[in-house]
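Sending over a structure as C-alpha cells; questions will come in a sec.
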Amino acid sequence: MNVTDIAFWIFAAIAVVSGWRVFCTDSMVRASFLLMLSFIAVGLIMVLLNAPYLGIATVFMMAVEMMVMALFMVMYMMNPAGLNPMMMVHQHRFSIAAGVFVFAALTGLIVVTRFSSNPVAPDAEVVVGLGKELLGDSMLIFETAGVTLLATMVASVILSSRSGRFGEADTGAVPPPLEPGGEPAGRQPEQASGHAHHHH
Amino acid sequence: MLERLAARAPVPLFVAMGRDRAPAVERLLQSADIDVTATPRHASILLVAGRVRDSDQAYLDRIHDQLPHPRATFWWGDEQGDDVDEAQRAASFDDPVISLRALYRNLISGAHASETHRLPDEPPAPWRGKGDHGQGGEGMMGGVPYGRMMPMPPTPDIRDGLALDVYTTQIGPFMPYWPAGLVLEVTFQGDVIQSAEVVQPPYPPRDVDRVPFDRLLHETTALAQIERARAAHHLVCIARLLSLVGLPTLSRRAQILAARVRANETIAIAPLRKAAARSGLTAALAPGLGRIDDRLARELGGPAQRAAGHAIDDRSDNPMYKRLDFTPVTQTQSDCRARLAQWFDEAEQALALVSAAPDAMIGQGALVEAPWALRAPPVDYRLTELLPGLEWSEALLVLNSFDSAALCRMAPLEAP
Amino acid sequence: MTPIVLTVAWVAFLLGMAWYIAVLDGLWSAAREGRPPRAPLANPLYRCATMLRQQSNLTEAPDLLNWRLAPALYAGLAGTGVALVPFSGASVLADLEVGIVWWGAVEALTVVVVFLHGWSANSQLGLIGAYRYVAIGLPVMLISMFVLIAAALPAESLAVPKIIESQRELWNVIRQPLGLPLFLLLGLSLSFRGPFNYADSADIAGGTAAEVSGAPRLVWEFARLAMLTAVATVAASVFLGGYLGPWLPGPVWLVLKTAAVLLALVGLSHQLARISPSRMMTLIWTVLLPLSFVHLVWAGVLAL
Amino acid sequence: MALTGLFTIMGTIVAGALLLQWVAARARRDRVVESQKIPFLGGSAPQTHAWQRFHVRYYSMTLLFIAFEMEMMFMYPWAVVYVAEGVKALAEMGMFLAILTVGILYGWREGIFRWQ
Amino acid sequence: MTLTTILIVAAALIGIGLYGTLSQQSFVMLMMGLELMLNGVMLAAVGFWSLTAGGLPTGQLLTIIAMAVMAVEMAVGFALITAVYRNRQADVTEGLTTLKH
C-alpha cells in the first residue's frame, strides 16, 4: 500500500460514511454539509485519479451548491435544526432493500467484469486536453450547456420570485383590465356569491 | 505570564447605558485604555453608566450573567446597586480609567474574585427526561426542547408573502446602537421586522444636555453655552450613525469633538463632515430610508420637523438671535439622510453663532429652541409603525436618526 | 529550501503577518481618531492573552461540534491559501497544478464555514450575520474567479507559480489594472472587514461571534487575520509579480509586497462606510460583476 | 505531491486550533450556568429557540447563482488554452459573457438582487 | 486503488442515494438522494476515464455534464419547491396528493 492507496481508502470511507449519515442526522444543516463532505471526498479521489481540475472544481461547485441547499432546507423544513428528532421516511424497508439490492447487483457486476487497463499518463496535460476538447469537437455540447444554463436561470427566477410581469405569483393569473385601474376583463371567476348570476 | 500580559490589555468593557449618565462616562469611553465591546460575551467588566429603572434590573442581571468569567461589575454615577456587595462603585471625582484598570488587573490576577451568577441556574423550562428522546420536545414542533419552545407557527411575510416561521422576542434595553432603555417586542421573519411593540420607552434626554436650557428658566444664560450644548448633543447623535455604518473611528472623533465643545474649546465640524462624506456616509443611508410623513414631522417638532422642510424654530422670535440674523436651516426630504444633514447643519450653525456673539446673554425665561422638541404635544403615532418591513440594519439606522426626545414621543408609554 | 525550512518560514509568515495587520489596525484607527496609539506593537499580544484567559461560552442548545470546528476550519482554509504561493522560484509548499481553482474552493468553503459559525450558536443575531454573509460572499466569489481567470490567460496555466512567471516583463497590475482593486474587495469580504463586514458587525452585536468568548473567539479572530493575509499573499503574487524583483532575494520581495497590499486593505477597511446588505448585493451584481466582465475582455484582447 | 502539502497544513491547523480551544477550556474550570447560556438580545430573553425556518431574503439570487457558477466550470479549462486557440476562444468568451449578461439583466429586471 | 474498488465505492454511493430517494418524504431530502446517486456516477465516470480510457478528453466532459445536470436539477427543483410552498405550504411529497385531482 502506498500513500495514494491509503489516501484513497480514507477518502472513500469519508465519502460513503458521510453519504450515509446524510439520511440519519436530524439537523438539516448538518445533512447538507455531510453531503458536501461526501462530494469533497469524491473530488479528492478524482485528484488522486489524475483529474486535478475536475476534483478541485467539484469541491468548489459542491461547496456552493450545498450552501444553497442548506439555505433552502432550513427555509422549508419544519424543525430545521432537528431539536425534536424525527424520522421523516416512508416505505422504509422497501427503500433499504432497494438500496442494498442495487449495491449488491452493481458490485457483483463489477467483480465479474474484466476491465481493460489503459491508465492516463501521469504527465498528461489533462486540463489543456479538456480545454481543447471544449473548443474543438465538443463545441456543440458546450454551447448547448451554456444555453441550457441560461434557460435554467430564467426558469428558476420565474418560478421562485413572487413579483412577475403579470402580477404577484400568489394571486393567480388575472387578465388585464380594459381601462387603467379597472376590473379585470373577461369572465369573472365564480365564487360562493357568484351563484346569483345564474338566476337572472 | 499569561496573566501579566492579559492585565495590560485595554479593559474589555460592556456598557449598559443608564439615564442621566455624566459626560465623564463619554470621556471614559474615548480612552484608548478601554475596549468597548458589542456584546457582553467579549467583555470582562460590565459598566452600568447612570441610573437604571427598577424594571431594568432583571435585564441588567441577565447581561451580567452573560459575561464570561472572570467578570465584575462597575457602577458609575449611580445610587442603585447598594445591595450588591461586590460591585465596584466610583464617585464622579475619581479618575474612572484608573479605577477600572485597577479593577481589571485584580480580576485577572485573581485578587478580585469573579462574580457569580445573579439569576438562578435553571433552564427556562424544565425539560430533562421529557419527550421521546429526553430532549423535552414533543412531536415535530411541540414541547420545550432543551427548555425553550420551538419558533412560532408561520404567518405570511409582509414583503413577499411566503409563510415561514416567525421569531418573536423582546430586544433591549442595553443593545449596542440601541436607544438606551428602549425595550421592543419584535417579530422577525428572517432578518426583516414584521411587527414591533413598545414594551418600555427609551430614557428621556439626558440632564447634561438640558442643563443650560433648564437654567434659562431661572436666570440669564450665555448664548454660547446654549449653542454649545446644542452642538454637542447633535454631535453625539451623529456619532451613533457613524458607528452604525461601520465607521467607528470617525464616530469616536465625533464624540471627542462633542466633549471638547462641552469643555468650551473652539472646534471645527467641517473636517469631520468632509471625512464622513468622503467615506460615503451619505451614500450608506439609502435615499428615502426612514421617511416620515408631514403630520408626524410637525408633531415631533425640533430637528425632525426642520428636516421635513418646516422652518419652525423658537429662536426665530428671540431678539438676540434676530440681531444675529438667525434663520433656521431646513432640509426637504424628511428621511434619515435629511435628519443627519440637519444635525450637521444645526451643529455648524450653533458654533457659528457662538463665534459671532461669544458674550451675548439671553434673558431669563426667554423662549429658546432645545436641541430636540420639548414643547411639542404628545403624539398618537407609535415608533413601531416605522419599523415593520425594514431589514435589521435599516431599522437601527431609522431608530438612530431620531433624538431620544423624539423617540420617547413616538413610544408613548411614559411621558418624557 | 527543504520542506522543513519552508514549513517554518510559512508558519512565521502567517503569524507575523497576522500580528502586522493587528498593529496596522491600531495605528490606523489612532491616526484617524487623532490620538496617540496605545502600545501599538504589544497590544495584539495583550488581547490574545485576555481571550485565552476567558471562559468559553455555551448557549442553550448549540450545534457544538460545528461551533468549535468552524473557527478551526476557517484558519485551516486561510493556511492552505498561503501555501499556494511560492516564496521563490523553487520553494512552494503546495505546488498545485490548479492553484487558482483551489483558491476558488477556499472562498466557497469560507462561505460555508462562516455560515456554520453563525448558525451553530442558536441565537438570532448570529443567524442574521450568517445569512447576510452568504448573500454577499456568494456573488463576491464570482468576481474573484473572473479576475483570477483573467490573470491565468497570459500564463496559459492555472498554477500560481506559472502566473508569477508570466509577469517577468510586466506585472499584471499594469497589464490588467482593474484586477487588483476588485480582488481587494474580495479580501475585505472574505475576512469581513469595514465596508464588507456583514457577518460580525456591531449592529448585530458581533454577529456570528456574538455568543463566542474565550479561546474559540481567539481562534476566530486569528483566522480572520490569517485569511486577510492569504488574500494579500495571493494578490501580491497574481498581480504584483510575487517574488519577482531586482536586487533583493525573492522571499523578501514577497513579504514586502504582501505588507504593502495589507496596508491598502487595512486602509480601505477603515475608510469606507457600509451600505445595507440588500444594496450591497445589488451593487455587486449590477456594477462590480459587469466590471469584472469588462476586465476579462480587456485581459483577453491583450493576451492575444 | 501538492495535495499532501495542502492536507498536512489543513490538518495541522485544524488540529492545533481544536487543541487550543480544548486546553483553554480545561484551564478554566468554571461551569457555564443556565442563566449564562441565554442568547444575547440586549438583556431580554427570547421566548423560543432562534433556529427557525429562516426566511432567506435572497433565495432567487441563489438559484441564479448556481447556474452562473456552473458556467464558471467551463471557464477554467478555457483560460488555459485561450492563447493557443486564439480568435475562436475569444468568440467563445463573447458568447459566454453574453449569456451571463442576459442572465444578470433578466434577474435585475425581476428585482432578485434585492431583499425580497 | 484499482478500478474495481473505485467502482464499488461508486456503487455504494449509488445504493445509499437510491435508498434516500425512495425513503425520504420531504422534497429537499429527496433531492439529496438524487445528488448522492449522481455523485457515484461522477466517481465511476472519472474512474473509467482515468484507468481504462487513457485520459480521453470526452470522459472529463461527461463528468462536467453530470455536474451541470445536478446544478440544473437543484436550481429548478428549489424554484419549484418555492412556487409550491407559496401556494400550498407543502414541503413533503404527500402534501401534493391534491395535485392529482
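Should a chain be cited, it is by its letter among A, B, C, D and E, assigned in written order, with residues numbered from 1 in that chain.
Heads up, the rule we're going with is that a contact is a pair of C-beta atoms (placed from the backbone, for glycine too) under 8 Å apart; a residue touches a chain by one contact, two chains touch by 3 or more.
Molecules present, by chain and UniProt name: A = NADH-quinone oxidoreductase subunit J; C = NuoH2 NADH chain H; D = NADH-quinone oxidoreductase subunit; E = NADH-quinone oxidoreductase subunit K.
Remember, predicted model here, so these are calculated numbers, not experimental data.
> Would you mind naming the chains that touch chain D and likewise touch chain E?
Both chain D and chain E are touched by A, B, going by the contact rule given at the top.
> Select the chain whose centre, defined as the mean of its C-alpha atoms, is least distant from the mean of all protein C-alpha atoms.
D
> Could you compare the number of C-beta pairs in contact for A-D with that for B-E and name the larger?
A-D
> Computing the C-alpha centre of each chain, which chain sits at the greatest distance from chain B?
Of all chains, E has its centre farthest from that of chain B.
> If you average the Cα atoms of chain A and of chain C to get two centres, how far apart are those centres in Å?
Taking the average C-alpha coordinate of chain A and of chain C, the gap between them is 29 Å.
> Between chain B and chain D, tell me the centre distance in angstrom, where each centre is the average of that chain's C-alpha atoms.
Those two chain centres are 34 Å apart.
> Roughly how far is chain A from chain E, centre to centre by C-alpha average, rounded to an integer in Å?
For chain A versus chain E, the centre distance works out to 6 Å.
> Would you pick out the residues of chain B that each touch at least 2 other chains?
Residues 39, 41, 66, 68-69, 123-124, 145-148, 150, 154, 160-162, 164, 167, 169, 175, 190-191, 391.
> Can you list every residue of chain A that touches 2 or more other chains, as numbers and ranges?
Residues 48, 53, 57, 61, 64-65, 68, 71-72, 75-78, 81, 83, 127, 130, 132, 134, 145, 149, 152-153, 156-158, 160, 162, 170 of chain A each touch two or more of the other chains.
> Residues of chain D that touch two or more other chains: which are they?
Residues 3, 28, 30, 36, 38, 40-42, 46, 49-57, 59-60, 62-70, 73-74, 76, 79-81, 84, 89, 107, 115-116 of chain D each touch two or more of the other chains.
> Taking all chains into account, which pairs touch?
Chain pairs that touch: A-B, A-C, A-D, A-E, B-C, B-D, B-E, C-D, D-E.
> Give every residue of chain B touching chain D within the complex, in rising order.
Its residues touching chain D are 16, 39-41, 56, 59-60, 62-63, 65-66, 68-69, 114, 117-124, 145-152, 154, 157, 159-160, 162, 164-175, 178, 183, 189-192, 391.
> Any idea which chain A residues touch chain C in the complex?
Residue list for chain A touching chain C: 27, 29-30, 33, 36, 52-53, 56-57, 59-61, 63-64, 66-67, 70-71, 81, 83, 127.
> Could you please specify the touching residues of chain D with respect to chain E in the complex?
Residue positions touching the partner: 59-60, 62-64, 66-67, 69-70, 73-74.
> Of all residues in chain C, which touch chain D in the complex?
Listed in rising order, the residues of chain C that touch chain D are 10, 52-61, 68-69, 71-73, 75-77, 79-80, 83, 93-98, 100-102, 104, 119, 121-127, 131, 134-135, 138-139, 142, 145, 149, 152-154, 156-158, 205, 210-211, 214-216, 218-219, 223, 277-278, 281-282, 285-286, 289-290, 293, 296-297, 300-301, 303-304.
> Residue numbers of chain B touching chain A in their complex, please.
Checking each residue of chain B against chain A gives 131-133, 135, 137-143, 145-146, 150, 160-162, 164.
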